[in-house]
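First chain written, first letter: the chains are A, B, C, D and E, and each begins at residue 1.
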């Protein structure tokens, strides 16, 4: 039983990663592809944060009478990664808007023959 | 107490998994974006429960706020219904299952969740937790690691945000508002006008509080920049883009974005000039701790300015496209 | 006192789950938006309650950000409705 | 002051220059400024290479914090060598792009083009020099975002779908690298690459570390367009502006090849990657398939830029082939081919860009009769084409020679045969273009337009590359010496990591340089 | 459990009760406008009571100020949001249960 308790967090995060990854690959609409990309990245952030957590520890901000802190380093990495994710989303959505104006559609199966997007 | 937190965490992770599943099978894109908003809120809540306070702050404001608003504006231009995709979903399923199996295989040797003696907390982290309040002098260890120990990462990240606005501007470009354009914005909602007018000063005040409170509590440059941008986005949504352009013009925002990055890099150059390494704040003042304080406050300001200018400029670029497609 | 707070947290979690269910099942578009709005306001209360429960009440800034982002999300949705035909 | 910060300057310079280029506003000003900065970066990287060759490793702790806690920049012969190629190509492409983008990029976007170019240069030099795994991810994102912007600047609408596909696959690749680094961090607790290498050897058989290795390898091979994951490259290089194709084809994927080399040799160690995980066979098979399939695809294309794009994927196959031979000479062949391919592909894409500037499209039939009308451009194309084929006295011959000798050294006759057959394909797809240019008449419809030589501002960088193609083909001292010391150093660090563990005592990664605090766990 | 604790736990429980009732109303009511009524009315009451209960826990410091700010913010924004949503729904042509013609009453009631 303790084996499950130790790892359920990681397994759910893996499931979320694969859900996001599946949406990216199988989505037909480009906006939904970007949503899938965000879900995939957010679940990777959850993997980082859940490795930094110490049971019984509190947030890494010094408060009197607290000895056990969670690890601040994954938080720093994920602060960077979240903003990187939003930057990629913004450029992706700008591309979707331009594709809509150029092609008239953002559905992947409606692009003419060869320049379709995975 | 501990098992209560585990229970709450499990419940929220279950809700998150349900939301993700629901998004996979939804065809109505508006619902997908709404559920993505919930997904970001929930993951920010889980970060809060995992003691990642700054990350919850950023995920809520950046992930749930800016991304959802941008997606809604994009959807306004690209239509609501996703068509049925022609090629079969077997290959994607296979690829996903293989990657998932590899990840699960990877989790077998992972150190257990939450144990204090995991290798993650052994090698590099103890110094951040014990010495950073003394060496850098800030109660918020995340800000001291973010700004001082790994300041180069944050500079790289500010440049990533800067290159995002370069990308969006080159793709969409901000359309200058001609006076004759119809006064768009929510004219009919008198209630919203009044409420927005009263709330926006409060929100900007809160953004400044977050900016300068970043050393002692959760907050910092990124979160403050996004909240200030959110205030102006609210103004633009309610009163329309022409008025928003009059308040803060897109040209000025491009200068502000560049100035923020240069402010950050000039702190590094100044510390090089004073004989230390790049971004070494100990050189900034006689007493190293004071130098760290100066350095961190200035670069957080640089980051806040850049993120505010970039997020607002991106919204202007998207908003003016929506107006254009709506006007003609 | 802490068990009262714990009970409150769990109850608010249940309310959030119900709001989520409404957002999932919603027949019309507006129900979905209502679900999201209710979910947002309830998370604000959840953060406030769990902050006190865990003894770190200085995390209320995040509750403020939640309320703010929830409101701006709502305004963005309403602007979105103006452009597209709401009733499909 | 300069020597002390030599390691950090090639990154900081373009990083600061990008916002200034945006503020400068007018395109002429920002073009001049960008070219100046790129030239300065080139001189710095030249000095850095000589310093690295003499001193071995230059370590620079950013922010004044000691390496495993702060971020460290580590410069050695290998990455200084690749940095030299990147900055040289960037300067030449910037000189070339002044006129080239007039026909391909909207006038309002010129300043943004130069800013994005500087950001891409800063990102690429950051990836090369940084010694921190997560910092590598951040710089990877900077260069990727700048590349998506650059690709989407073209006037042809297909560049948008190409940029979108590149964005989706690039972000998936970067996220895979992020997962890999996360798994490694979870087991070892550190992000500094040297420190990581130290602590990985302790858990040799751990499944988490092997999964982390697998994810990093898949992520990096998406970035360097290894065979099955290369679908984003041909449309991106075809529909991007010619100056962008020239810059990306010569640098972006080469930097990703270096990242793979760095992770294999300095972080994981050869026997962990090639013996335990059996990566050598996988890489070799993929490389050979890449060489054949993409060279074949190149011969059947009608658009010359697509031909060159597929040929790039095939040349990357050669580099990975050299890498998968797991020998000093094999690695040296790869390093040399990284440098040589930058020269070859840069010149080819510049020549095609010149044709696009005059003729307006780059189908093979548009090349008909250009041999007389645009003599210098087509001569440059021919020489660079011969270099791709591997004709003696050119750079291509040198790298093929070392590749074949490395294969024969391990008497892998089959691999050597594949390399030679690969260049047969090259003869076909280069031959088609040269045949169109010299042996077909100019169509009447076009004889009226004034198809004449392009301005000297586009010709000079093209010919600088062609002359470099020939010079380094004859006097191979600089490239072989640098590549040799690079691969020697990489193998040396790899053996140092291995035998240090065999002797049983484990030293703190940086104990050599500082006083040893405590022997880690 | 001194006097303050008792009062705050009563307030908390009342707030939670209203929250739950609102949630049940949100789930069971047949029509959009009744649902939005259920959600927003109980929303504001639950917020007041729960935050009031929490206020009694704090010892009049920065947290109190933050809690009061949250309460004011919620009291201003959530009714506005509900009003705007209902107005937009009305504007968008959504009919209430009574208005929608009797024969498709079953359809909209499912």
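Heads up, the rule we're going with is that a contact is a pair of C-beta atoms (placed from the backbone, for glycine too) under 8 Å apart; a residue touches a chain by one contact, two chains touch by 3 or more.
Model, not experiment: these values are computed from the prediction.
Name, by label, each chain that touches both members of the pair chain B and chain C.
A, E
Chain by chain, through touching neighbours only, how many steps does the shortest route from chain A to chain B take?
Counted as steps through touching chains, the separation is 1.
Let me spell it out: compute each chain's centre from its C-alpha atoms, then which one is farthest from chain E's centre?
Of all chains, D has its centre farthest from that of chain E.
Using the touch rule stated at the top, which two chains are linked by the largest number of C-beta contacts?
Of all chain pairs, the one joined by the most C-beta contacts is A-B.
If you average the Cα atoms of chain C and of chain E to get two centres, how far apart are those centres in Å?
For chain C versus chain E, the centre distance works out to 10 Å.
Please tell me the distance, in whole Å, between the geometric centres of chain D and chain E computed from their C-alpha atoms.
From the centre of chain D to the centre of chain E is 58 Å.
What whole-number Å value describes the gap between the mean CA coordinates of chain A and chain C?
Distance between chain centres, rounded to whole Å: 21 Å.
Once you find the CA centre of chain A and the CA centre of chain E, what distance in Å lies between them?
Chain centroid spacing, chain A to chain E, equals 31 Å.
Would you give the residues of chain C that are in contact with at least 2 other chains, written as numbers and ranges?
As it turns out, chain C has residues touching two or more other chains at 33, 54, 58-59, 61, 64, 68, 70-71, 75, 78.
Show the residues in chain B shared as contacts by 2 or more other chains, in ascending order.
Those would be 53, 75, 103, 107, 110-111, 118, 120-121, 124-125, 128, 150, 153, 156-157, 160, 163-164, 167, 171, 189, 192, 199, 217-218.
Give me the residue numbers in chain E that touch at least two other chains, ranges are fine.
Touching at least two other chains: 73, 77, 80, 84.
Between which chains does touch occur?
Per the contact definition above, the touching pairs are A-B, A-C, A-D, B-C, B-D, B-E, C-E.
Can you check the complex and tell me which residues of chain B touch chain C?
Result: residues 1, 4-5, 8, 11-12, 15, 18-19, 22, 28, 30-31, 34-35, 37-38, 41, 44-45, 48-49, 53, 56-57, 60-61, 64-65, 68-69, 72-73, 75-76, 80-81, 186, 189, 192, 196, 199, 203, 206, 210, 213, 217-219, 223, 227, 230, 233-234, 237-238, 322, 326 of chain B touch chain C.
Which positions of chain A touch chain C when the two form their complex?
58-59, 61, 63
How about chain A: which of its residues touch chain D in the complex?
17, 21, 24, 30, 33, 37, 40-41, 44, 47-48, 51, 73-74, 77, 80-81, 84, 87-88, 91-92, 95-96, 98-99, 102-103, 111, 115-118
Would you tell me which residues of chain B are touching chain A in their complex?
So the residues of chain B touching chain A come out as 2, 6, 9-10, 13-14, 16-17, 20-21, 23-24, 29, 32-33, 36, 39-40, 43, 46-47, 50-55, 58-59, 62-63, 66-67, 70-71, 74-75, 77-79, 82-87, 89, 91-93, 95-97, 99-100, 103-104, 107, 110-116, 118, 120-121, 124-125, 128-129, 132-133, 139-142, 145-146, 150, 153-154, 156-157, 160-161, 163-164, 167-168, 171-172, 216-218, 220, 222, 307, 314, 317-318, 321, 325.
If we count contacts the way the header does, which residues on chain C are in touch with chain A in the complex?
Within the complex, chain C contacts chain A at residues 54-56, 58-59.
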